[in-house]
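Across the two complexes that follow, subunit A remains constant while its partner is subunit B and subsequently subunit C.
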Partner chain A sequence: MSDASKSASQPWLLSFPSLALFLGLLVVPLALTAILSFNVFDSMMGTQDDYTFGNYLEILSDSYYYELFLRTALMSAGVTLLCILLGVPETIILSRMQPRYQGIFFVMILGPLLISVVVRTLGWSIMLGREGLINQSLISLGLIEAPLQLMYSMTGVVIVLTHVMLPFMVIAVWTTLQKLDPQVADAARSLGAGSWTTFSRVILPQLLPGILSGAIIVFTLSASAFATPALIGGRRLKVVTTSIYDEFLHSMNWPLGAAIAVLLLIGIVSVVMGSNRYIERKFKQVFS
Partner chain B sequence: MSTLTIRNLAKTYPPNVRAVKSIDLEIESGEFVSLLGSSGCGKTTTLQMVAGFVTPSAGQVLLDGRDITYLEPDKRDMGVVFQSYALFPHMTVAQNVRFGLEMRKLPEAQIRERVADALMMVQLGGLDSRYPSELSGGQRQRVAIARVLAIRPRVLLLDEPMSNLDAKLRSEMHVELRGLQKRLGITTILVTHDQVEAMTMSDRIAVMANGTIAELGTPQEVYDIPSTEFAFNFLGQSNTITAKVLGHDDAHTQVSIGSSVIQIPLRDAGTSGELRLFIRPERLTLSSPETGIITGRVATRLFLGNTWTYEIDSDFGRLRVIKVNTRGGQPGEGELVGINWNAADMQSASGELADV
Partner chain C sequence: MKDRGLGSNGFGSLIFHTLFTLFIVAPLLVIILVSFSDKGYISMPFEGASLRWYWAILEAPELMDAFSTSIWLGLGAATLASLVAVPAAIAIARYRFAGRDGLMALLLSPLMVPHVVLGVAFLRFFSLMGWSGSFLALMLVHALIVVPFALRLTLGAIIGLSRDAELAARSLGASRWTAFRRILLPLILPGVAGGWVLSFIQSFDEVTMTVFIATPGTTTLPVALYHRVAMLTDPVTASVSAIMIIGTMGLMFILDRIVGIDKVLIGKK
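So, the complex of A and B:
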């Protein structure tokens, strides 16, 4: 074997195991789902071998599905916004802490990821109920008179999703924050900027790439989250993932479920690619 | 413009790092003072306390007589050039330079004029719209300098601002910056560990060691008549000779070194016992063996272009001699030579390095 051919095949050989894993576990199921979404469904006889665009036409012509996708997008956007508003200050406070407290608080922030989704969500449903801790506290503080509808509502789902997603935002911002030169803030101060101006004009813009990548992660994970919307939102508040589940397991309309899943995937991928392109264009010169 | 007074300034980092032990310095209006010292002696910490980024553990900083020890950095009107440049990475060169002017709420026309002026001063015209990541190290450093010159600060604090420039650009910047500083009359502190930089630019040099000022004076004073052993060795080179004091007369002190007896400028009449003497290599001259005060044999010689450096074994131990590369014969290795000096150049340390 000549050197040239050896070096050409070597990368493929070396990456074969991971490629096989990738193909077997991701590409094949996705392709099967995509094919399934074009199958004909008959309510009497189930999934047929014929192919059709009917499933997609059904979705695209029904305002119910538009509402469903819009609701999911709004929910994810709300969670993302809350994660930014809470996560950025949280990370900055964390970075100013003494090292020994930093460790403890890091574990607390990552906590939601370490607990099983079922346990975490059940815990929240106890807290969010009409007789739950949150409603009772608010009533005894005199802030509200009647209990708020938190369970089976958008508010509840957004609160619980924000709790789980926050660590992803904190980690993304933290990584960017660690790369900042603390003297840059000093330079801004000595040039006459107060602490607020220094934050808004010097520190925040430098954190922006981290915030944006955190936002992408949070948005996509929220849009594809299933357990939290299913358990907190219940049957009353449907999002895309829960309706896919319903199509598969209740209506048994697999092709329609697959079509919704494919549309969700397309939606998420285009959000990710769009924001990536935006970030690259905006920050290429600045942080190369 | 502004006088700066530093009184007993000290900084102890937890748990017990005494970065700066006690600094006293009075800087006149428009004066250029360098803090010169080896790495880790507390130069940056001192500068940061003056700028307001580090809170002193003790002492005071006064600007025109007003106590600013605990004043916020943005209220001090000081221009700081950092060791790491600290440019704003998300702003272009022009935006970096504008920043301080915008903070001062100057009218747009004036901002533009000052930005252009400042960039011209540091020879960076035409790079306005580049980002810091697209500049070389030297260019970044010059942006940092332009950024503070633009605000015409009351005090200029420079932390090794030229350490990344090539030799030619650096010496150009020395002349340039010194000229600007004189013209604008800005009181300036320069932190450096480059002796040449400190010597060429400063009105006065403060030689720092272990968090204190070991020596303070004009460049000639600290080089020619330093008072501490540390300064003799830190600034330039010195031959250190151990001598035994024999006695004193009206003008001289007699000491014995090896088998020779020589005279040095009068020391305190009380001085007795051992004495350490210092003489600069360039103050020793070579002659034929018969005419030398002492004789020695050339061990090695190094050619440096404009000078020769000789290592000579003599009665005084090994001596280093620096000789200008003049026309004519230079003594070779192994040759016997005479060594001469002016009695006044054989100095001794009059002060001790304060160990606070």
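So, the complex of A and C:
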């Protein structure tokens, strides 16, 4: 602290190792991938040094890719909706519990986040098969007659992804729930609002920022999920991530795979940025 | 728990909660049950239980190799991530400088960039640099993607810490390094250790990015499991998974002891 210049350089010295790691191993590889997406690909000779917009034109002119991105978006939207419908009530139920039980159920509900997604998906693929637990119980309950096709179907992928993503929704809603002022709900009740009116008109609007940020996390993570759609959806049911994998490791068309990856990244970053801006605009005037 | 104007749980809530919890734990329970089966195919252990599928792991060299790769990878990546995250956390928590927000955003960015995109970026980068199949390269990129976790828990420990003891030490003639080592580090150690364990778990579990860059010599356990499950679901995949579940539960117990599991899972209290 002998002079001002020394203390101005201090934070940069401290962050130098992390900066070097991130510039060298994150920024450079991502930039190289962006460049790769403009390279010419020749089916005989592989990736060429010439540049072209051809890969992007190929994606933009082929309805296959529109369907691919649309399918991925619909899948992610379905998962997000289910996570809201299941996660929000569960978080409210959790918040009403005694701390003792809260701790136990937190670990049970959020703990799976720390268990490899391949393991969780394997558990589901055992349960979802034609002879699996789900079909057997539905048949023995008399709800269905013939086993449902859950493996290698979009229904199966959405069920399993919902299981994988639910903890993120619970965390997001829980965080907002902690900031809730109980006096506001009391005020509504003392002014004559019923419990449903209190919930829908007073509590739910306050939870909305948490639900929205949870929804963004769930949507983007679902759109970038790989192992679950690959294992539950199988080889035929393609989403963006599994088709990137195929371009890179089966067709070996790296430039096209890189172009799809760049579009996925742009899509995800714009969803995050766009909705953050929306949330800020919408809730700033309400809460500040 | 304070009443937040949400009332109390009725009968319907408890049924919903039971079904919800069942939905969450069912696939994990099923794996653990199936892993004890004595049949040669996926089945419940109620008509005959055995440990044969655990012994079978020992006879699958590719799984044993993948397991040791994952352990070493996790240890190296978590250590390296902590080594770069601790000074960065000090810089972010203790200094106000131009580019501070940008630095924070950059260091947290691996959470936002899809791991598939990271996978193709590293595949391209490694093939250009001739690093394909290098364990060190794999460890460096694993360190990179777990830095956000190490950073978050370390920052949580530094922010809100009083500087008085450190300043007293400095004014009594301790060097910056001594003040860090003797005063600050012991105070933030739980956060750093928690960040290390969480980083280890995240590195150990990572599959989406690693599946692109793993080579036969550097295949991790989740990647080996992924490839095996993609071909067939046999009881060995269940016994390996059961070990991963139990191992993770052990680490969660340690995390709970060091920093409190709620802090790790929810981020802040």
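Heads up, the rule we're going with is that the second predicted complex is superposed on the first by the 268 of 288 C-alpha atoms of A that agree within 3 Å, B and C clash if a C-alpha of one lies under 4 Å from a C-alpha of the other, contacts with A are read in each partner's own complex, and residues count from 1 in each chain.
Keep in mind that, in the parts below, contacts are C-beta pairs under 8 Å (C-beta built on N, C-alpha and C of every residue); 3 or more make two chains touch, one makes a residue touch a chain.
As the structure is a computational prediction, the values presented were derived from the model and not from experiment.
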Once both complexes are superposed via subunit A, do subunit B and subunit C end up clashing or fitting? fit
Look at A:184 in the shared chain and tell me whether it touches subunit B only, subunit C only, both, or neither; answer first, second, both or neither. both
If we overlay the two complexes on their shared chain A, which of subunit B and subunit C does A:36 touch? Say first, second, both or neither. second
Does the superposition put A:192 against subunit B (first), subunit C (second), both, or neither? first
Kindly classify A:103 by the partners it touches after superposition: subunit B alone (first), subunit C alone (second), both, or neither? second
With both complexes overlaid on chain A, does A:72 touch subunit B (first), subunit C (second), both or neither? neither
Which touches a greater number of subunit A residues, subunit B or subunit C? C
Report for A:114: first if it touches subunit B alone, second if subunit C alone, otherwise both or neither. second
Min C-alpha distance subunit B to subunit C after superposition on A, in Å, is 9
Between subunit B and subunit C, which residues of subunit A are contacted by each of them? 183-184, 186, 188-189, 202
Footprint of subunit B on subunit A - complex, ascending: 181, 183-184, 186-194, 197, 201-202, 205-206, 208, 285-288
The residues of subunit A that touch subunit C in their complex are 1, 7-8, 10-15, 17-19, 21-22, 25-26, 28-30, 32-33, 36, 86, 89-90, 92-99, 102-103, 105-127, 133, 163, 166-167, 171, 174-175, 177, 180, 182-186, 188-189, 195, 198-199, 202-203, 220, 223-227, 230-231, 241, 244-245, 248-249, 254, 257-258, 261-262, 264-265, 268-269, 272
In the complex formed with subunit A, which residues of subunit C make contact? 1-9, 13-14, 16-17, 20-21, 23-28, 30-31, 34, 42, 83-85, 87-88, 90-92, 94-95, 97, 100, 103, 106-107, 109-110, 112-118, 120-125, 128, 140-141, 143-144, 147, 151, 170, 201, 204-205, 207-208, 211-212, 222, 225-226, 229-230, 233, 237-238, 241, 244-245, 248-249, 251-252, 261-262, 265-268
Interface with subunit A, subunit B side, in the complex: residues 48, 51-53, 72-74, 76-80, 82-84, 86-90, 99-100, 103-104, 131, 133-134, 147-148, 151
